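Both of the next two complexes hold chain A, though its partner changes from chain B to chain C.
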Partner chain A sequence: MSQALRSAKERALQIVEQASKIRIQDARDNLGARTSGRQVRKANNQMGHTQGALERAAKPPLGWIWGDFFRPWQRMFPGEKHFNADINVRREYIPLSLIELTRLIDLGWIDPSKPIDISTLCRTQKFQINPNIRQYGFDLTEEGADSFPYAIDIEVQYATQSAIAAVEKAGGRIRTSYYDVNALEAAIDPKKWFEKGNVVPQRKAPPKTLIGYYMDAKNRGYLADESDIENNRINLANIRGYKLPDHEMVTEPLKTVDQVFHGIPAGSVISLADKKLYSPTNEIHREYYSKQVADKQYS
Partner chain B sequence: MFKIGLQTAQTSLTRTPAVLSSSARGIANIPAHEYHIRFDQQSGRKRPAQDVLDRFKRLNNGMWIHAHAGKNKLRYMKDDKWQKTSLYYETCTKEQCQMLDKLVTPFWLRPKHYPNDPYQAYNVRHGIDSPRVDDKGRFVRERRKVLLDDSTSSRYFNDC
Partner chain C sequence: MWRGLIRRLSTNSEQIAKVDVSYLRPRHRILAAGGVPPVEFDYERERAARRERFGKFGLASGVSVEELYPTVEEIEEEYAIGLFKELNEVKQEYLELKKKQDEAHKNRLAELEKNLKKYPAALEKYEASLVKQEKLKDEKEIALEKRIREIQEYFGYWMDPKDPRFEVMLEQKEAEEKKAVKLAKREEVQKKRYAEVVQ
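And now, the complex of A and B:
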């Protein structure tokens, strides 16, 4: 009989027939009926790949998105000199628009009756200048030039013609002047500079590429003749068609060519604790700092 | 003398140029220094990928531009339309911009202001739906104005 019943189904049915009682356990698989894959030792288990193969496999170069590994897309384009080639000689300026300047004065961050320069602007803690990454001061831009109300005495490092016109139309005085890295560092945070006990530096002459800009009366450069600047001021008013106020806003006499702070000559040391200014007594030092012709400095 | 000169000219014409023959490289793998972001040995700072800095420029709004591929190749045999359009710069896609941002250092990701910048007009982009600020509330594409609220800023500035 058992010979005749060959199929597993039939055998199973026979078991069920013969059983006195069927329980859920009887529906279990036989031992070894289902087997999972053979477990090999972890060390031998390469899963078709070895670590060495992974290390030696060709991996895409940096920035690869599609295409040939040996010619990734970012290397398919020609280089452009205009893009980043002169980044190490380019000078960056912090944009300061006239509307922002108006707001700073409106809200009392800046006093318009005093001269405005880098130190004044940085004291508001609204701007960060880092001379180490070739930031060279402020660029006065023309946003808000149509309605600039304050007569101010401002010194920036760069200014557009519209901004110059707006300041002068309101009766202000504007000068563009160059600060070298050392002078800029002193001007950004005078307190830190004085507390270190550093000598108030001389402002160095601008680099060769900027001399032209700062000697141009059109830009109100600090190296230009005052009479030239006055002529250009009148000229700009005629060109732009506005009437100049009777007198220019003059808060303090202009800084000398090598002066960093108003009222503090180059070469002096400041004691904030004593509120005293110490001038150099050594004849050689005094002569050096009173030359008014700053050392030539490139970039 | 003349004959010899002619012959050398002919052989140099028939020989395949070095540029074409070097397009298939004989080595099996990418050199290891090319698939890692490099860090400076002395200071431990990230080094930007020079390939990217040579070929691409990041505008202040976060978009990267590059020149036309093959711009300088065989210009004389290409048509007038191509002569004109090959001088244009192309913008990268969002994914490409994200990739390039990773390949350079934070210095290059910072918006920079240069007076008389020829790219000044392209540093702003209008009509974009994506958010103006990132997760920390900083502007992504525009400069943060000092003491200016949004409506006043939009009256005077045209950069968002």
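And now, the complex of A and C:
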């Protein structure tokens, strides 16, 4: 068929027929289809109400953005694996620096001649622990380790080596110990716990993933052997180059593995009105409260 | 009317003391006086409320201590669910896991040390293979590139060599080249013949 005889339609059809299939390398974005950001109108700008707010005002903490103080990134992007991969299982520890602790003792909030644990620290009303959002206690950090003066007997949930060294250098005793949610709730506010008529719970041991930390004498874990801890104490002093005081600060004997409060065994009922402590007499209850169990993995 | 008013105003001081003007309900009056109010509402018969009653008023609340403990059924249910393992079991599990990890770590270190000894020879071999491959690749690539360029120059526009149309063009070009060669031969023969005739 000659060129002149064919209509435009036929020619177009022929072109389409002869054309190869569209392949992936032919597919391209339209111009301007992808942008790296969007232009925000002045009314919608959340980056600060004025230039001065941007330049001089206090900036929100890391992870929070201007204008959105009540929506941190982990809540805005719940599927983000970079910071949200384990948000439903990870444990949070409230940082407590040695300098803060010194100040609390200086100002009389804490009595260094008595054992310091979660209950003592929470009684100062300077810290809030919420076990419902997986806050699991205190992390003793090394800020102020250079000049920590007090010999204390402290129990925290996590401590760095520098913090341990600082406490021991001053003649103190430090142990790291695990509190499960129930025990923690009781320890945070004992009065509230007793007034609710709850039984003093048995403190559960850490789950499998955490038990390593608390069995390590290096971390002064409460599940480690005391002889191991003593060796490690001497060892740490040699490594860090300080002389250990002659005797360690011992205010009271250490809590047992399942004890929440000093001097109160698990399974007791406290009546604040009668000023009495009741222990279970039933064999089943006695066994229940003396059985040492580990906490579940995810709580 | 006047008599009544006079009677009301003339009440003695003892009677005034008995009048309670706090408007507190009896329950709250008892609470304010530090007493234990009687069980009045339905919710107070619930377990949590009874516990709280004990917590607040102690034994005077009338709640026995046994009520505060979990029941045998609850304890048995907890055991049956088996959510909490025994401490010694968990310790054992952890120690076994640690032993395994330590062994794996040790084996890995030994393997690395072994591999490190073989490393110089392996590196040399690899580098030699790299050079050889590069050369081969170069020749092939150059030939291919040349071919592609020729075709594209021939047709006058750029075309993806992966395109199926490219192959058609390639065939077309090859046919034309063959034709050209054939023509050239024929011409040569003709020239020879012509030369022969002219001589």
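To be clear about the criterion, the second predicted complex is superposed on the first by the 209 of 299 C-alpha atoms of A that agree within 3 Å, B and C clash if a C-alpha of one lies under 4 Å from a C-alpha of the other, contacts with A are read in each partner's own complex, and residues count from 1 in each chain.
Going forward, a residue touches a chain if its C-beta (ideal position, glycine included) is under 8 Å from a C-beta of that chain, and two chains touch if they have at least 3 such contacts.
Because the structure is predicted, anything quoted here is derived from the model rather than measured.
Peer 1: Examine A:196 and indicate which partner it touches, taking first as chain B and second as chain C; both and neither are also allowed.
Peer 2: Second partner only, chain C.
Peer 1: Now for A:107: first (chain B), second (chain C), both, or neither, which partner does it touch?
Peer 2: first
Peer 1: Classify the contacts of A:242 with the two partner chains as first (chain B alone), second (chain C alone), both, or neither.
Peer 2: In the superposition, A:242 contacts neither chain B nor chain C.
Peer 1: Which holds for A:207: it touches chain B only (first), chain C only (second), both, or neither?
Peer 2: second
Peer 1: Applying the document's definition of touching, compare chain B and chain C: which contacts more of chain A?
Peer 2: Of the two chains, more chain A residues are contacted by B.
Peer 1: Output check: A:143 vs chain B and chain C. Expected answer is one of first, second, both, neither. What do you get?
Peer 2: first
Peer 1: If I apply the document's touch criterion, which positions on chain A are contacted by chain B in one structure and by chain C in the other?
Peer 2: Shared contact residues on chain A: none.
Peer 1: Please give the residue numbers of chain B that touch chain A in the complex, ascending.
Peer 2: 23, 25, 28-30, 34-37, 49, 51-57, 66-72, 95-96, 99-100, 103, 107, 112-115, 118, 143, 145-148, 152, 156-157
Peer 1: Give every residue of chain C touching chain A within the complex, in rising order.
Peer 2: 48, 50-60, 63, 65-66, 68-70, 72, 75, 83-91, 93-94, 97-98, 160, 162-165
Peer 1: Which residues of chain A touch chain C in the complex?
Peer 2: By the definition above, chain A touches chain C via 20, 25, 194-199, 204-205, 207-208, 211-212, 215, 223, 257, 269, 271-274, 276, 278, 280, 282, 284-285, 288, 291-296.
Peer 1: Can you tell me which positions in chain A touch chain B when the two form their complex?
Peer 2: Against chain B, chain A makes touches at 56-63, 65, 69-71, 73-80, 82-84, 90-95, 97, 99-100, 103-104, 107, 109, 126-127, 133, 139, 143-144, 158, 160.
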